[in-house]
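Chains: A, B, C and D, in written order; residue numbering restarts at 1 for each.
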Amino acid sequence: MIIQLDPTISEAAKADILSRINDLKYKVTEVNTQRAHYLVAIGKADIDLRTIGQLPGILDIHRVSDEYKLVSRKWRVRPTVLDLGDGVRIGEGSLSIMAGPCSIESEAQMEKIMQHLVDNDVRIMRGGVFKPRSSPYSFRGLGMDGLKLFHQMARARGIKIITEVMQVSQVEEMHDYVDVFQVGARNTQNFNLLDALGGVDKPVLIKRGISGTLEELLSSAEYVFSGGNEKLILCERGIRTFETASRNTLDLNAVPILKEKTHLPVIVDPSHGIGIRDYVAPMALAGVMAGADGIVYEAHEKPEEAASDGAQTLNFAESARLVRNLRRVYALRQELE
Amino acid sequence: MIIQLDPTISEAAKADILSRINDLKYKVTEVNTQRAHYLVAIGKADIDLRTIGQLPGILDIHRVSDEYKLVSRKWRVRPTVLDLGDGVRIGEGSLSIMAGPCSIESEAQMEKIMQHLVDNDVRIMRGGVFKPRSSPYSFRGLGMDGLKLFHQMARARGIKIITEVMQVSQVEEMHDYVDVFQVGARNTQNFNLLDALGGVDKPVLIKRGISGTLEELLSSAEYVFSGGNEKLILCERGIRTFETASRNTLDLNAVPILKEKTHLPVIVDPSHGIGIRDYVAPMALAGVMAGADGIVYEAHEKPEEAASDGAQTLNFAESARLVRNLRRVYALRQELE
Amino acid sequence: MIIQLDPTISEAAKADILSRINDLKYKVTEVNTQRAHYLVAIGKADIDLRTIGQLPGILDIHRVSDEYKLVSRKWRVRPTVLDLGDGVRIGEGSLSIMAGPCSIESEAQMEKIMQHLVDNDVRIMRGGVFKPRSSPYSFRGLGMDGLKLFHQMARARGIKIITEVMQVSQVEEMHDYVDVFQVGARNTQNFNLLDALGGVDKPVLIKRGISGTLEELLSSAEYVFSGGNEKLILCERGIRTFETASRNTLDLNAVPILKEKTHLPVIVDPSHGIGIRDYVAPMALAGVMAGADGIVYEAHEKPEEAASDGAQTLNFAESARLVRNLRRVYALRQELE
Amino acid sequence: MIIQLDPTISEAAKADILSRINDLKYKVTEVNTQRAHYLVAIGKADIDLRTIGQLPGILDIHRVSDEYKLVSRKWRVRPTVLDLGDGVRIGEGSLSIMAGPCSIESEAQMEKIMQHLVDNDVRIMRGGVFKPRSSPYSFRGLGMDGLKLFHQMARARGIKIITEVMQVSQVEEMHDYVDVFQVGARNTQNFNLLDALGGVDKPVLIKRGISGTLEELLSSAEYVFSGGNEKLILCERGIRTFETASRNTLDLNAVPILKEKTHLPVIVDPSHGIGIRDYVAPMALAGVMAGADGIVYEAHEKPEEAASDGAQTLNFAESARLVRNLRRVYALRQELE
């Protein structure tokens, strides 16, 4: 069960609640986030919630049968909306478009892409500075120097930044230069990293593991939330199946399923999801129609010269057309019965 | 390579062509369909197509590097459109909606569903009379008696019928009572059945195997085409993955990939594809946005009382809303850049 | 529940039993096999088995909670052993080795392989005469003429034959020329074929579908058993996963799991299972160590010239060594605690 | 290509080699391990190795076409054998048995298990002190205090320790208390962790990711090796497939494939691999027969009371019997042709 405490609760009242729950042999985790103070209690005894709920200092109490608790829609029905500032929001009520190169490569490259984003009113730019690569001999990104330049240039243009964090020690280092931390598919179950991100007050987008179940994705989000950070976004980015016609199998089923199971925003990444340029646009449009709150995709002035992922990256003409179409599809979705 | 022969070709001219190809050590298959006469020649010698193409009696000649030949878009660029009569078409230029129960159960059940279809201007009804069931103790359908009644009632209302054929001996038996033969996911590689369907002049919808690659699906279609029947439709109906949150994983990636690789119409079955009622509508809409030529889904007056598949079946109110939304999404798709 | 009837039961007694079961709203299937007469009753009412079991004419009665009933080890604890005649048995107490080419190609080829089998005291030969091929343009086997020659030559040498049946109409045609019918991985859920094989008195080996669960495999065996044929063998032959380092993923986990869940013999096919010659022998040996009752593998005088599957086929030297090693591993397995 | 440098090479000679390789536009990585000094050069130019190989200061030079280089058997044919001291070795020539509980729980628990290991001459004990758990509310292990006690007790009994490291900051902290670092299935592609383990002189066992390809596993090993640590062990521990009859699908195909592709030792973990106690022993025996250099499994005095993974853990009687059988199977394997 999840208990939301009154922010003005006295220590005595809280101790009383904890004692009552301990008597039930429930295990309690205290969760303090940016927004509120909760107790998550897990146990087997069959109880009448009202016997706890009536205690002083409790705002509300809910039973949640899912493995994950705080991210469940059974507890919080109202969708979570994140405010990145300057009128940029992620979550129900708007369509978030995030675009940019696989890797941040140079000032000149960023200059061009940012202009493209501004021209198309895209407010969030993606781009990797720390790159997880399966071979140790591949390009591993520009690191903090790249990020600082990325941040400086984006600020000057009113653009928000999302970029991948790969390890605990980077969380503090990167903190002031990102608007959204991205946890990549290979780190979805890097629990130490999730714990660390629970301690910051910045949004975190968690990508689904390449063979991660949706329940595992929700449990990973629960790690961050229970660590103290409610600002969470989930991202479907393709799973591994037997099919070899595309790099991955973008699993759009995840969109309606997640939208029902959690109050968190759900974003679709068709670039990694299908991995072949020609199919990125139809899958992006289908993702919005399935109910996604946003799309993140790879765009580059000259995809064929990109340092990584060129085969799945759109050029600027394709990107601009996609943005226009995405907005029309989103507009229709809001009108449907 | 594929050679299309002049219908008026002389035996001598044809013999000459075959002799030239044999000299190249190519293996030749003669294909006579409803529309034309082809030679499919497969071999390794590197040849100048013009040396063959200039022979008398040849209309055109193409090299096709895919495993499948006659169903490849590398050979036939123009999309295939099937005409079921009475103004009902399947393929580019229209959105085909096919709905109905998992199983044909009774006259009363069909009466209600057909009225629902007529009310919503849905022209094609699905419904099984021979049911493939993983347990021998489950309901296996009403058989030919059910089909005859289904056919009679549908004819009276201007409705076309699609139903599953499970074995060779049923092909002839069912022939006069169906408008489209359906090959189910468990029979996608039942090559004898595909051969038999190559011998009839009725459309055949082939469902993707539950772990079938797209290339295998196209090769199964090639069986029917090379057997003499060009009237083919492909259907994505969900694949088997590690994910257990839904019955299957509807693979919408299949839609843009198939639309690029073949000239055949592509239909999406969200009912089997995701297997949970609440998610059928968003996935159907997403399927159309991804480029599908049609949707086939399960509808029943009282899904909770259906003889099979109730958990993934829409009731009439949900079905009517889905039809209206599908048409709006399709209309928008045609307007997009 | 499964009721075994006394073979001398009177019609009246049987009618009484059926009437009692009908009162419970159980659905009954009568099963008459080579060995006995059973009633399989499926329903939800919670009953005391003794109230039925004491009725006259009942030999025994068991409750079986599995989806499959007659093939479950919860019902029949003693392992099934099949006798092919001439001292050739399949099932616990012996190690069955089945070897031969993917396809029967010619008299000369069979001559050589049979001599190899005789030299190594291998008593069962595999070889396809009807070949399921994913492309319609591939070699499809020698058909009945090949089978008749295969049969004649095998009989002369005391060799038993296992070969694949692909469709219902072949069952009768092939019947007198095979010792074991094989149902291939693409036909594991060809329920009409399974029904037809329920009507014959010859052993049937059912291969696991390429993405078939073990429960589905057991349910397919249940089809044949409930159709009247108890002579069943199950075969693990590799499943489809994300891994591309081998053609398929031989799932040896299936061996101990099936041995616990069913009384039927379990055979392993490492040739199709892993699909690469160098790995066939270690996986075959591992299969026996995991508990398999036998191994079926592909051998050919000159694998590089085989009409199909050459890359996974052993030559005679490799085959002879494998046979010797298999027997040593099996001998050790029987000695282990 | 991989160049092994003479340890006494002069700076000038090395600079000359690097300059020649740079001229070819190859990218060079210098690798200094416990054993030697290598240059790994990757590029596209087609060169005659001898033009480089003859330069002073080069011991040998090889071309390696695999994605992974230093772990490839194309480069180093001789199998790697690791010496843990006190006569405990891992790699060809011996069978490594590693057993112990999922989690280190208490001194009393360790006391009992260590006695069991000593009684059965098992020299390596597994046991987690940092536990990766998919839910943040689960038991996460005893941490460093548990490890220190584990180490002290094991040293007193001549037992070597293998335990999981989850993040970079733990590498230094744990270093003096472990004999083998284990990288868990969720961290197989935690590249920062792999980099950090490249900097230590202790063996590292890397588990295959739950949906990791064998090529990815080898590339992860390449990370550690190219970071400076040659002491590597690979571990197959089950993959995720569609099958639900067991927790995971232990992929024994990995054993012969890895043994051919790399010179590193290969260990099998049947406990996580199949996840059900009754099947652990047959799969362990099959793993050795398939060619594994060792087995790691879970054992506990009272599995039903274990803090985690009880359902896949052997009790002491089962464990002792397994050890005896493993040794007999290994002995036979060495005798086979």
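We adopt the following convention: a residue touches a chain if its C-beta (ideal position, glycine included) is under 8 Å from a C-beta of that chain, and two chains touch if they have at least 3 such contacts.
Here's who's who by UniProt: A, B, C, D = 3-deoxy-7-phosphoheptulonate synthase.
Since this is a predicted model, take the numbers as computed values, not measurements.
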Chains touching both chain A and chain B: C, D
Contact-richer chain pair (by C-beta pairs counted) among A-C and C-D: C-D
Separation of chain A from chain C, taking each centre as the mean of its C-alpha atoms, in whole Å: 49
Separation of mean Cα positions, chain D and chain A [Å, integer]: 33
Centre-of-Cα separation between chain D and chain C, whole angstrom: 38
Residue list for chain D, restricted to those that touch at least two other chains: 211, 240-242, 244
Chain C to chain D touching residues, read off their complex: 211, 213-215, 239, 241-246, 249-253, 255-257, 260, 273-274, 278-279, 282-283, 285-291, 321, 324-325, 328-329, 332, 335-337
Complex contact set, residues of chain B against chain C: 27, 29, 40, 42, 67-69, 132-137, 166-169, 186-187, 189-195, 210-211, 216, 219-220, 222-223, 226-227, 240
List of chain B residues in touch with chain D within their complex: 211, 240-242, 244
